[in-house]
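As written, the chains take the letters A, B and C, and residue 1 is the first residue of each chain.
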Amino acid sequence: MEKIKLIDEKGKRIDGRGAKDLRPIKIKVHPLNRADGSCYIEWGTNKVIASVYGPKEAQPKHLQDPLRAIVRCNYDMASFSVDERKRPGPDRRSSEISKVIGEALENAVLTNLFPRTMIEVNIEVLEADAGTRCTGLTAAGIALADAGIPMRDIPAACAGGKVDGKIVVDLRKEEDQAGDADLPIAILPRTKEILLMQMDGDLSEKEFYELLDLLADACINISEMQKKALLDRYKQEEDVEEDKETEGKKTENKEIKKEEEE
Amino acid sequence: MSKSVVSAIRKDYLYKLAQDGKRMDDRKFDEYRKITIEPGVITHAEGSARVRLGKTEVCAGVKLELGEPYADSPNSGVLITNSELLPLASPDFERGPPRENAIELSRVVDRGIRESGMIDFEKLCIEPGEKVWKVFVDLYVLDHNGNLFDACALAGLAALCTAKIPFERFGLGKDVPLPLATSPPISCTHVKFNGALMADPSLDEELIADARLTIALDEKSHFRAIQKGEAGSFTLDEVKEITKMAQSNVEKIRNIFKKAVKR
Amino acid sequence: MVKIKEIVVPGQLLDEGKIKPGQGAYRDRADGKIYASRLGVPLKRRDFINVIPLTGCYLPKPDELVIGIIVDVAPSYWIVDVNAPYPAVLHVNDVPWKVEFGETSKYLSIADVVLIKISRVSETEQIQVSMRDRNLRKFVGGQVIEIQPTKVPRVIGKKQSMIELVKRYLNVWIFIGKNGRIWLNGEGKSTRLAIKAIRQIEKEAHTEGLTDRIKEWLEMNKSENM
């Protein structure tokens, strides 16, 4: 079988991106009402929602650390997020990803401020198109800040790899499946400390460091988007939420009535 | 921080409001919160919808797979409805296999779809006794602020009404819309506390409810599915009153639904 | 146009000078600089730079008045939810009644709402509360709402100015717990207006000139009401 060409002569990828370009990213802060903090991200075709509960007393009690808070992550993929239906509920892959994301986030949180507690991070992948753990971790970072959890910095994540012999960032599904290597990382943008790093495939030492540099830059870009989204929430509140407040119920009723008439 | 214990004061206050014919969010007893239905939100799903009922939010997705039919109905496709009460949605939901509540929710939604005959299951048969389409309806609760029954039912129906059969993915030809026979029944949930009956309960109303009643009505206003829940009881007159409320709401909700799914 | 105060995010540089990191801030040992650890509004006060958080949970401190909900009853104490990460303990010795062993539920039962004082917070965040002080009691009637605990100081206002304003205009009883729970009692319509006003303050806590705007709002709504 002939291999599909993923990068053309001009160095453009199948969606027209260059090697360092990210897919379009849209961030919504605090989309959920019940959770203490939440974030919804559309990253290319990926759609991920993250929520944070806590800090709350760690249960069961044997999990409690008398000196610090523990961060527990539940990463889960919706059954319909991929082409072939995934059986709902946790599996070995999601358990591993939950563990490494939880550990990465715990590093950023000032856990010593909340002994004996648990901070619960839930990540739900509604639609998957490669890079969901990085999308989830990026969303979780925002949800933690939204929940008011003290952190050294807001972690940001991005994956990259090798496609048609070239180093590129932010793989999409076709590139991930046909590519030669996949390297997801998460960093603290300010100090560039690495919080999460996994890899499979084949990279030379030179390629590895080249990719790591590109990914660090990509994470800095993502970090700027995270910060902007958090600040925008408080700017927009003036325009958006005030309208809701003054018109409130009346608009809602009108809308229902409008629908009736039509 | 977010606990679901309703304080004695909140409960007394809701009782007192109800005696004056009022609710916490200014709604009338028979009034629904705002409903928004957004179909086609997940491109990997055969059909999908995100539904908001007030601040309650559910995402439903439909996936089709090929499989064997049940022995007692060799000419029919198979429907499997499942709901996930995600820990994302409430501090009271935990990770792990579905508990009683999630199973009841799935089964009530399932019944509303199955018994209505809205899906033409015979048309989902490829080889009798051998190969049929299995239709999976998966309901993911994202934000629990009361009345998951109606939000899930609407999300499931909207996802089905916009679903296609993925012939292409299985190399069997072109995709076609899922064959639907009739317009689906719409379900309305009500609670009773301290003698008052209310449609579309908020979370607080649900938590203090003595009893709950869900009724699904079809286009002819026939009953197509019913579920009574919680330890309290209803008198016959109360059931009649709820039916009346449901009849008027079903019509409004059906209009919103039809407009959203364009079907 | 409403003016918004400067907002910082975790990891943002606050100061490089000799100033000390206060609440919501930390000094990075590697470079000696001070960074924000919370989403909030930076505020310099004497030698300290703080970040007044916009969101987050309630962390109890001794002597603070809070509104608690009884969540469990034992023979010689009650467990109280004070909207903090940890439940609090109310011992029979810390209530104004003489309670015989095993008779705790005669006085306070599950779901009761109480105004209490944080008496002790141990190193490991074990919280003890007390009802032995003037005004501390079990609430009967009225209603309780919850706001972001971080917005409580704004709702109270400087020297109680904000909440006194609401009380004066609407003639409603209001008790504000430091933990974000607020008890209100009054005529139905005024209570609803008071709640609306409080929600407005909560939402606009990060803006300038809030007291004047709330005053205007109350003036307008009060006259409409008459």
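What we mean here is this: a contact is a pair of C-beta atoms (placed from the backbone, for glycine too) under 8 Å apart; a residue touches a chain by one contact, two chains touch by 3 or more.
Remember, predicted model here, so these are calculated numbers, not experimental data.
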{"item": "Chain contact topology (line, ring, star, complete or other)", "value": "complete"}
{"item": "By count of C-beta pairs in contact, the leading pair of chains", "value": "A-B"}
{"item": "Mean-CA-position distance for subunit B and subunit A (Å)", "value": "29"}
{"item": "Rounded Å distance between subunit A and subunit C, as computed from the means of their C-alpha atoms", "value": "32"}
{"item": "Computed distance of Cα centres, subunit C from subunit B, in Å", "value": "38"}
{"item": "Multi-partner residues of subunit A (each touching 2 or more other chains)", "value": "36, 54, 56"}
{"item": "Junction residues of subunit C, two or more chains touched", "value": "57, 85"}
{"item": "Multi-chain contact residues (two or more partners), subunit B", "value": "1"}
{"item": "Residue ranges of subunit C in contact with subunit B within the complex", "value": "57-58, 69, 71, 81, 83, 85, 111-113, 139-144, 183, 188"}
{"item": "Sites on subunit B touched by subunit A in the complex", "value": "1-2, 26, 32-35, 41-46, 48, 55, 57, 59, 61-63, 65, 82, 84, 86-91, 95-97, 136, 138, 140, 142-145, 169, 252, 255-256, 259"}
{"item": "Of all residues in subunit A, those that touch subunit B in their complex", "value": "32-36, 38, 45, 47, 49-51, 53-54, 56, 74, 76, 78-85, 88-90, 120, 122, 124, 126-128, 249, 252, 255-256, 259-260, 262"}
{"item": "Subunit C-touching residues of subunit B, taken from the complex the two chains share", "value": "1, 3, 5-13, 20"}
{"item": "Residues of subunit C that touch subunit A when the two form their complex", "value": "2, 4, 7, 9-12, 24, 26, 28, 30, 35, 37-39, 53-57, 85-87, 124-125, 150, 199-200, 203-204, 206-207"}
